[in-house]
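Below are structures written as structure tokens.
Next come two complexes built around subunit A: one with subunit B, the other with subunit C.
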Partner chain A sequence: MTAMTIEIPNRERATSRFRSQRWIPFWLSGPAAIFFLILLGLPLLMTLALSFYTFDYTQGIGETLTVSHYAEVLSDSYFHEIFLRTYAISLVTTLLCVLLGAPEAYILYRMRNPWRSIFLLVTLGPLLISVVVRTLGWVLLIGGNGLLSHAMQALGLAGTRGFSLMYTHTGVVIAMVHVLVPFMVISVWASLRKLDMSTNDAALSLGASPFTALRRVIFPQILPGVLSGSLIVFALTASYFATPSIIGGRRLKVVATSVYDEYLSSMNWPLGATIAVVLLILNVIIVMSYSRWVENRFRRTLGEGGA
Partner chain B sequence: MSVDSRRNGRTALVFHTLFVIFLMAPLVVVILVAFTPNGYLSYPTSGFSLRWFRAILDRPDFIEAFYHSLNLGLVAATLATVMSVPAALALARFQFVGRDFLNGLFLSPLMIPHIVLGVAFLGFFSQIGLGGTFASLVFAHVIIVMPYTLRLILAAVMGLDRETERAAVSLGASAFTSFRRITLPQMLPGIAGGWMLAFITSFDELTMTVFVASPSNTTLPVKMYNYIEQTVDPLLASVSTVIIVLTVAFMLVLDRFYGLDRVLSGKG
Partner chain C sequence: MSFLTLDALTKRYGDVAAVDDLTLSLEQGEFVSLLGPSGCGKTTTLQMIAGFVAPSAGRIVMDDRDMTALAPSARGFGIVFQSYALFPHMSVAENVGFGLEMRKVPKSERMRQIDEALELVRLGHLHSRYPRELSGGQRQRVALARALVIKPPLLLLDEPLSNLDAKLREEMQIELRNIQRDVGTTTLMVTHDQGEALSMSDRVVVMDQGRAMQIDDPFRAYEEPADIFVSTFVGKTNLLEGRMASNDEGRPCVELGLQRLEMAGLGRVGGGSVRLSIRPERLEMTPCRQGLVDGRVQTRQFAGDHWLYQIDTPMGLLLATCPNCGPAGFEVGDDVGVRWNPEAVRLLNDTPTQTAAAGAPL
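So, the complex of A and B:
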């Protein structure tokens, strides 16, 4: 009798221990999973829902559903211009980041310590400094009373009214490149760390010029870093807010600043939500098709190499 | 020849110099303007003055925003780390249903533009009555910094040598003791690196926070952004200079501790 009463709980404990083993990963990741589903999943779903509600400037958000905001964003030339401008700025910024960041990463790679560590810190450090601070620096440099204006006046290149790149595409692109180029350096740096320098020496000893060795031997090896860095820079620029908002102002609206204005100036949340949803979808499409393109490209190159 | 091929030529060094000037110029200009003796934006051509640093002390709103940012960064980074450690152990050491989904879920804030997160949180928190509260800032910031803590802690777990743990258990240590005495100490550099990257990311965040913050619960970047929208004066430069100095100090610690390139390759 006593043996039985002891035996049953024992067996139960054994099975529950077996069960709890299976559930361990769920217990471990559960808090974070619940946190994310509620505080990330719900807000995003609510924003999607909000984009289908009617809006009236006198009565606010209505009760009925509509696709009119999507029709407006997709057909109105005002929004076409904003989206085109945003992606044009992103493209130019990405190209400039490749042209500046990739060579700089390679130069850093060829440096010796302590210079290498020092300049790596100098190059990557700005990533940690607030974007508002970095953009303010550009306002002080390229604004009407800025250093650039004074320099141009001193050289006689600008009239007495001064010279300003504020509220221009050029100004926005310069500041964006400054903010994002460290991402390109870090990305190329990551592939340089896997680089085998002896292949370069081999090319040189076989009679290749340094430039040919760079183009045919080094560049293909850092290409993955350039490609993934480009994706990061492009996707970040396309949705960037602080720099276009401060340098571009209201005259040069981009997607992110127009979302901000719809929400906080016009108070037209459904339309703002629609622009945000379109931006998110476009970003996902771009990231996924780009990754697929890169994958295919590398598979093809590898296939050729094998054959 | 092989040594020579690894050296930078003159063109490379000129390029490098221009690149470093380009990177540093805006920061140097901010610091210079902060020391101007004049009441308007100008370079300190007629002498250095600390008046704009003293002016910060007359702005309790900026000081309060600084403390909000500091608290927010501390709380958000700590919460994200506390959730990331068990989540990283689950993702790294178990095969279970939904593992890939969870991995994608936790890293998804990296893929979603912060402007989209901002409007999503604004709608959500005002709907549930938490709009503009410190709690809502914390929740939103935990979401955006957790990918960083998770990545670095996950990397730390993956790199662990499990033999020592098995040895501890075979010598009679309980699972918990072996975790506390063996596993956790080995994960510490990853945890610390992740926490620091999370803290600085939270401290700097503007785009999303602009939507979640309220006048009574604002952060330093939001405060500065709203100020720039109105006017640009040397006060902004002196506040920025303080931020630059603090960030550089923080960065040196982070670099000593973990290696800046290692931490930041997790940032992209």
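So, the complex of A and C:
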């Protein structure tokens, strides 16, 4: 490149401009990157460091380093149960979000305006309301004195003690699905926007039934959206705090709530930090291997990193 | 009995008729084009034939079988979409084989037919590519192979070449027509490109605002345009105004410049003036005072194989083309004469609504 400009008299200026232009992206993204590093990287590093300090219930955080917290988290069946429960809830929530969110997005997509806009707003609107408020709404519905309980009693399906989904897996999953399904809808919506609906017509004209066209032609094309939506929902569920803590409570601990308890109830900060670090590492492994798999799967057909 | 008949086909969206009372018959093996400006209802017509849009009125009959209410999948027509609509998640072979799979053709037979279809469009070597990995022209061929492999009784093409660049488009015009002749499939093509319609079709349906203005073979559509719309949309033309008069024997004739023309069809025209059309290539430029009308060259354009002149005359601005046989004979600003053969002048049916729209330079 420089070899070609050698004869040009103002090459000096040209190359210096070229050189300074190369740094523009760094200057532009610098402030945000520094901000990000300080606010996310620093606490993360401090958490990591904290997880290696000893702890004693009488003396608090010690001076010496240890890996005993990791040994505890990795060997104690109490923590195994919490991690297993967390990922089980995440998996079920993700599956339900796929089953609800993907068809929902497709139906919305096939609607005509103004219905399309109205229902899209109805679907995404809850994102504007605090998760805590929405979860408390579920408490009113599924709690021991809630609407569901009254309805079941009226139908004679529940005894006088009422019927409650509080502190149950079912209750947590229902509320989590409600909170997270908009992310699935958004993600599938993005794939649908790229979809050429005439491929559906093409399939029909080639003799496919509407269902076959949906299954063989439309669904594979929105699959990247479903997969990336699943990733978002799964990762969010695995580290979600508000909903499991309100509906699951102490009786149904997940990783995020147990970290909270270690910090604020037991005051065992190093152990809390250790659980958080283990969760982070597991999540990163899952997310990275999953998105690598998705990328390989769709690179040739639907463009770079279909997800 | 014709092969495919559209009988008074109509589609209304609210108050507007996208397709208005279209009647058309296709013979077996024929290549017919729907030609018209954007928004004139070509795609809607095609979609009604394909079964994606339900007609508001009229019938679609094929081989004496009424198809109007049949589902698209039951019609079995081959369709090439404007966007090609290839399945991006399937390889070329899977795309082409999809229709066969739906017809439950056994695997080995399917493979053979896929190969055959890809060979037909000269893409045998791209079997396992994905649509993203193909050029525009190759995608177009895959779409064609996919539509033809099911051996459809009717092939529907919606602006099949409009996404290709000019040179490739010309090559594909010839190739598409050759393939169609080989397989003999009756074909209906939609296009807004008059050159494409003229060069490829057995017959052209010139459409405007949902109506068929003229259904004719390309030569006649160009040479004998039925009205002002057709004469201006199909090729370039000069629209002229002639005055009605009678000749020495008392027969009606038209006065155009210094010429008195006797033309068929003048009887039903009343008095006053008539609309005439003459193609730019039928005007001959002469030195001043040797033609039928004099004028001054206003602009000159070089178009490779011909020169295009605009000549300012008392009859209006005339467009004339001269084949390029060496350097141009006239310069801008030259005074010239213009001459034409009486046979080159066409009388146009003058329907009032189109007169305003055509905006003739007079």
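General observations
We adopt the following convention: the second predicted complex is superposed on the first by the 260 of 307 C-alpha atoms of A that agree within 3 Å, B and C clash if a C-alpha of one lies under 4 Å from a C-alpha of the other, contacts with A are read in each partner's own complex, and residues count from 1 in each chain.
Here is the rule we go by: contacts are C-beta pairs under 8 Å (C-beta built on N, C-alpha and C of every residue); 3 or more make two chains touch, one makes a residue touch a chain.
Computed from a prediction, not measured in an experiment: that's the story for all the values here.
When the two complexes are overlaid on their common chain A, residue A:114 makes contact with neither subunit B nor subunit C.
When both complexes are overlaid on chain A, the residue A:156 reaches neither subunit B nor subunit C.
After overlaying the two complexes on the shared chain, residue contacts for A:186 are found with subunit B alone; subunit C is out of touch. Contacts of A:201 after superposition: both subunit B and subunit C are touched. Counting residues of subunit A touched by each partner, subunit B versus subunit C, the larger count belongs to B.
Within the superposed three-chain model, A:138 lies in touch with subunit B and out of touch with subunit C [touch as defined at top].
Within subunit A, the residues touching subunit B in one complex and subunit C in the other are 201, 204-205. Against subunit A, in their complex, subunit B makes its touches with residues 1-2, 5-8, 12-13, 15-16, 19-20, 22-27, 29-30, 33, 41-43, 83-84, 86-87, 89-91, 93-94, 96, 99, 102, 105-106, 108-109, 111-117, 119-124, 127, 139-140, 142-143, 146, 200, 203-204, 206-207, 210-211, 220-221, 224-225, 228-229, 232, 236-237, 240, 243-244, 247-248, 250-252, 254-255, 260-261, 264-265, 267-268.
Per the touch definition, subunit A reaches subunit C in the complex via residues 196, 198-199, 201-209, 212, 216-217, 220-221, 223, 300-303.
Against subunit B, the residues of subunit A that register as touching in their complex are 24-29, 31-33, 35-37, 39-40, 42-44, 46-47, 50, 100, 103-104, 107-108, 110-111, 119-141, 143, 145, 147, 178, 181-183, 186-187, 189-190, 197, 200-201, 204-205, 210, 213, 228-229, 232, 235, 238-242, 245-246, 255-256, 259-260, 263-264, 269, 272-273, 276-277, 279-280, 283-284, 287. Residues 50-52, 71-73, 75-79, 81-83, 85-90, 98-99, 102-103, 130, 132-133, 146, 150 of subunit C are the ones that touch subunit A when the two sit in their complex.
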